[in-house]
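Dropping the structure in here first, questions after.
Naming follows writing order (A, B and C), and every chain is counted from residue 1.
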Amino acid sequence: MTAAVTTPSKEKPAQRAVPGPGRLASVVRHRAGRKLLPLAVAAFVLVPLGVVLWGGGSWPAALTVDVSGPLDDANEWVIDNRESHPLFLYFLLHLSNTATDAVDAVYNGLDALGWVGFAALAVLFAWRAAGFDRRGAKTAGIAAVVFAVCGLLGMWDATLLTIALMVVAVAVASLLGIALGLAAGLSDRFHRMLRPVLDTMQVMPAFAYLLPFVLVFGTGTPAALFCTVIYAAPPMARLTALGLRGADAGVLEASASLGASGRQRLWTARLPLARKEMLLGLNQTIMMALSMVVIAALVGAGGLGEEVYSALSTVDVGKALAAGIPIVLIAVWLDRTTAAAGERIGTSVPGGSRLLHGWRAWALVAVVTAAAAAANRALLAPTWPEGWTYDISTPVNKAQDWITEHLASGVPVLGGTEVWSENFTLWVLNPLRDGLVWLPWWALLLIVAGLAWLVGTWATALTSTLALGAVGVLGVWTKSLDTLSQVIAALFVTLLLGFALGVAAARAGRFERWMRPVLDAMQTMPQFVYLIPVVALFGVTRASAIIAAVVYALPAVVRITTQGIREVDPAALEAARSLGAGSRQQLLQVQLPLARPALQLAVNQGVVLVLAVVVVGGLVGGGALGYDVVKGLSRGEMGVGMTAGAAIVCLGLVLDRLTQPGAGRSRRRHEG
Amino acid sequence: MTAPEHTNAAEPVFSVRNLWKVFGPKADRVPANPEYAGLSAEELRARTGCTAAVRDVSFDVHKGEVFVVMGLSGSGKSTLVRCLTRLIEPTSGAVAIDGEDVLSMDKSRLRALRRHRASMVFQHFGLLPHRSVVDNVAYGLEIQGMGKAERRAKAAEVVEKVGLAGMEERRPGQLSGGQQQRVGLARALAVDPEVLLFDEPFSALDPLIRRDMQEEVIRLHREEGRTMVFITHDLSEALRLGTRIALMRDGRIVQLGTPEEIVGSPADDYVRDFVRDVAREQVMTVRTAMRPAADVAEAEAGASVAPDATVSAAIEAVARTGAPARVMEDGRCIGVVDHQGLLAVVAGLGPSDQKAVAA
Amino acid sequence: MRTKTRNARTAVAATAVLGLLALSGCGAAETGKSNEAGDKKTVKLTVPSWVGAQANTAVAAYLLEKELGYTVKTQQMGEVLAWDALSKGDIDGILEDWGHPKEEKQYVETKKTVVKGGDLGVTGHIGWFVPKYFADKHPDVTDWKNLNKYADEFKTAESGDKGEILEGSPDYVTNDDAIIKNLKLNLKTNYSGSEASQITAMKKYAKAKKPFLTYWWTPQWLNAEIDMVEVKLPAYKEGCDADPKKVACAYPNTPLQKFFNADFAKNGGKAAEFLKNFKWTTEQQNEVALMIADEKLSPEAAAEKWVKANESTWKAWMPKK
């Protein structure tokens, strides 16, 4: 590895070329052959058997299991028993009532501060978390702008309600995540068990489990809170485990050598050493929680989500945007604050007044906030003054009309989005879907098994094949293939754009700075806000669903690509430059090959994120599984929704295994 | 070769007998099986899939000495030192501290051992990056359960002792490597242990700083007389610091003796090769180079040197006077050193060769 | 030793879980909170996702607050979720229901936690619609028998070689796949997935004066903006939609219904009485809906405007003293 980095990289391709493609190819053939041979033998026996027994073509009906029935029965049982069964009376209802009370308490607390008091709290909190110094002042400035804009948009009260829900959700999700992460960080067995659970929690569309949560916990705050917690806890758990596992072994050994007990080591060494990862986990948890704001409104949680959602019913993009912007801004505020706090860890040089450090500084924040709240109470109205608002919906709607009108069909030569969407559907999506559907079921299983075996181990192959089989067993084979074709197309577009933008951003700092807020907005803006413009531009087609997925997944791919290329060993780059490599050569021969692990991670993340918005695709004409999930929720058919949700999870499992970054070694041989 | 020494009357601090540490599948069948005893490391790995990091090692560490374990990387020395406090669990054998069996200690006894009796200084320092210098130094005391004010006061004293006064509130990240290792040393000292264990503490440091730190250890040893076990791969460091040196290769001790014994009479070719470039006159003492006085005149007159003085010191005395020097112990002449004897030591000739020259 | 640690960890985890259970198990939790409604004079109403129903809620809420002195809490949620919430007492009333036979059976007949609240006065109708500009050009399109003739006109990239019929949100009952199959029509459904998407698409077609066929309904505020003409399907007969797979007839006319939480209906006082009396016409509802959707008034402002102009109508809803 070290050799590869330090040798002048121009030599590398040359060296590789010496053995000649012929020899490499034979190695590939040899290796791949050795792997595929047993599979071929198995297929030779099993496929005819399967075809004779169940026939070719689409997934055989004999091999499906009806899970909707039992699920619907469970649904009934809950409705009939929730007012009398002890499980509800003594446990679940307590949870639900506590959740409501907690959110109400936080909301009332924030509301009691008055708008001046709350703004003071938000700004000072950001400042304190980022350190009371000049850099922290920048973060505080961001906070001030954020809340001024929220007020100006007339969203003050909704913002407050959303923040109250977020505070409780993030707190619960963090605690849950830390608990899980602790267990996974300390026990290998638990770590292995937890991974698929976390994967499911993140890929299972929230729409699918919203219904059971509503039935169990009731509409409004509790269901919204617990769904948000489920979706937001995984990053905290993962990063906590990562931090605990990645702790400097030397420090832990030193701690053990001084006779620390397990608990002492945890509190004094493991946890503090994992602080950076845990803060990153918190950051991710907050972002995930914010992305649930609108979905939470579907079950009556209110707040900004409700504003977005009700704007949709009147097809009012401007109003939706006015509610979407505060969500983005809250995300920016919390992201910058936690990021600044993270940068401080381990590097802080205590200096200046003692008043500005440690608990004294927090006390200072509390005192100033209380003073501001008191002043607010004495002098001003408790809510944001109504005169200080500005209605953006009319100009936004006008702009949207103009844009859609001109872009949809009026672009000279290029045609416009409508034409593109039509051609994309006709020439890419339809052939892809029809091809997948046309393939006999056993052929598809075989292809997946073969691919998975090539990129990984027999376990990878088994998992992916079983997961794909499970889709068939659930009885949603054709719909899943439709969704799969959309996911593949969306992934392709995302990677194409993502790699291009990522490379550009890595090579031009100014471009990256300009992109950053755009990417932030793309990632955190609720998809519901841009549904209408997307449909207006691309029509009710699967192409619209793909656009929505691309918009959501692109930022992560761009970021990972940029970072991967940036972090390429400068020595290797310098060596290439010293040999006179041009900018293009540097990119193609040094940066991209060395950034391969990052690029693979980008692919994997792309898959996960694209799958996460399959449901949103269902709202703009994507149909298939996404539509079924929405239908399950809105028609109260738990069977339909959960089945489609489970199928999405299975597809996610297949695609995740096929793109697993760890499986890269054998793939390299392939490309060599 | 690895025969323990029973000459010292005092009870040894550490007593290690037939210690094995084997990594790999079914590791515990390796030490018991005499079939494997004669195999080299590669052969053993080929036969069993196991790696024996420590193979049948026995030695004693005496009170107040600096016991150096020296060997190249992979010789098992770091594993060995970790076996002493069971940071790595030995596969078989016996380890005793002050006569108490370490391997049979339960968790809390073992913890007490690590807290109070033996503390360790690590190659990569192992400092807590989120704590200030003084809190790092106080860490061991904190683990013992000492109150905050008390432990900080105590730590501050030790910080001063290792020459870090004024840096109490810095973070490890703001210190140089040498300073960080001083913190590591202070942390080990703060708990006032019976034995200090050093695991290649200075190999990550620059040569000049390494020398400073060695001086520091020598000074501490001189002032406090604490027993130390010191692991190093640096021969000159071993010779400088060691009261006795155990030289390890492939998990075994190939020679155990004073620096002079190692340099003066290497046990085998490996050791000989190892010490070939050592400046022998700096290590060998006059005792090796002397011969009995030829007559009374020789025993009565001439410059005098101590028997423990280095050969280089004797060369200086002989060169200045031009005549053989007397070796005096307790006011009695126990022999003389002359040009011939001193040169033979410098040339690395053994006693028999020396005779041949003399004849 | 390792097993010992694991056991210890398991023990800690078990203790934690038990502790949690013990904490929550100290007493039975309160179920539903509907009894508050009477005392604190709070009425909880659902806000459905379509504008017509928002108009009902807005007007009712305005009158409850301004005329009867109640506090009204509105909550937005899906229809079936609203039924469930109604049963639990999380909300007190649904003012516009397009027919949920399954829920009605479960909650009204079996559990008796929900009671019927009478007609809203508005009649809903679902059907297949084409824009008027297309029907004017091809008058015979309004008979389903001629639809195959025009299938080519409705073709899109999504529907391939068949004609497209645009479908709406999954919230709404549709038999269209069965109707197409049973009437042997050369059409294909395209599920837009949300009302917003469907409306956006329709507006787009209308602007370009392109032909399209859609699942649609009245009353709907968009009908004031885009003139739609219904395509006549085989007439609805009682029971012709009993088996969802064999449907080959039009959708029925649905007199929209109100439903209340049983407790609220009994103990809800003036508020319950007022909501039971609440009844208006399709035109009146549309008037408010248009103010909200087209003039972009807030629901409260629209309600206020309508209430000021139609005192005679709402006076009749007021509870008798």
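Basically, a contact is a pair of C-beta atoms (placed from the backbone, for glycine too) under 8 Å apart; a residue touches a chain by one contact, two chains touch by 3 or more.
Please read all numbers here as calculations on a predicted model, not as lab measurements.
Chemist: What kind of graph do the touching chains make: line, ring, star, complete, other?
Modeler: Per interface graph, the chains form a line.
Chemist: Can you name the chain whose C-alpha mean lies closest to the mean of all the C-alpha atoms?
Modeler: A
Chemist: Using mean CA coordinates as chain centres, what's the gap between chain A and chain C in Å?
Modeler: That gives a centre separation of 31 Å.
Chemist: So what's the Cα centroid distance for chain B and chain C, whole Å?
Modeler: That pair's centroid distance is 85 Å.
Chemist: Using the average of all C-alpha atoms in each chain as its centre, how far is it in Å between chain A and chain B?
Modeler: Their C-alpha centroids are separated by 55 Å.
Chemist: Which residue numbers or ranges of chain B touch two or more of the other chains?
Modeler: none
Chemist: Which chain A residues qualify as touching chain C in the complex?
Modeler: These residues of chain A touch chain C: 76, 79-80, 82-83, 88-91, 93-97, 183, 186-187, 211, 214-215, 218-220, 262, 297-300, 302, 306, 309-310, 312-316, 319, 393-394, 404-405, 408-409, 421-423, 425-426, 430, 531-532, 535-536, 539-544, 617-623, 626-627, 630-631, 633-636.
Chemist: Can you name the residues of chain B that touch chain A in the complex?
Modeler: 85, 87, 110-116, 119-120, 122-131, 139-140, 142-144, 169, 171, 173-174, 184, 187, 191, 197
Chemist: State the interface residues of chain C toward chain A in the complex, per the touch definition above.
Modeler: 5-6, 9, 13, 21, 24-25, 27-32, 47, 49-51, 54, 75-85, 87-88, 90-91, 102-103, 106, 111, 156-158, 160, 166, 169-171, 190-201, 203-204, 207-208, 292-293, 296
Chemist: Which of the residues in chain A come into contact with chain B in the complex?
Modeler: 248, 250-251, 253-261, 264, 268-269, 272-273, 275, 345-350
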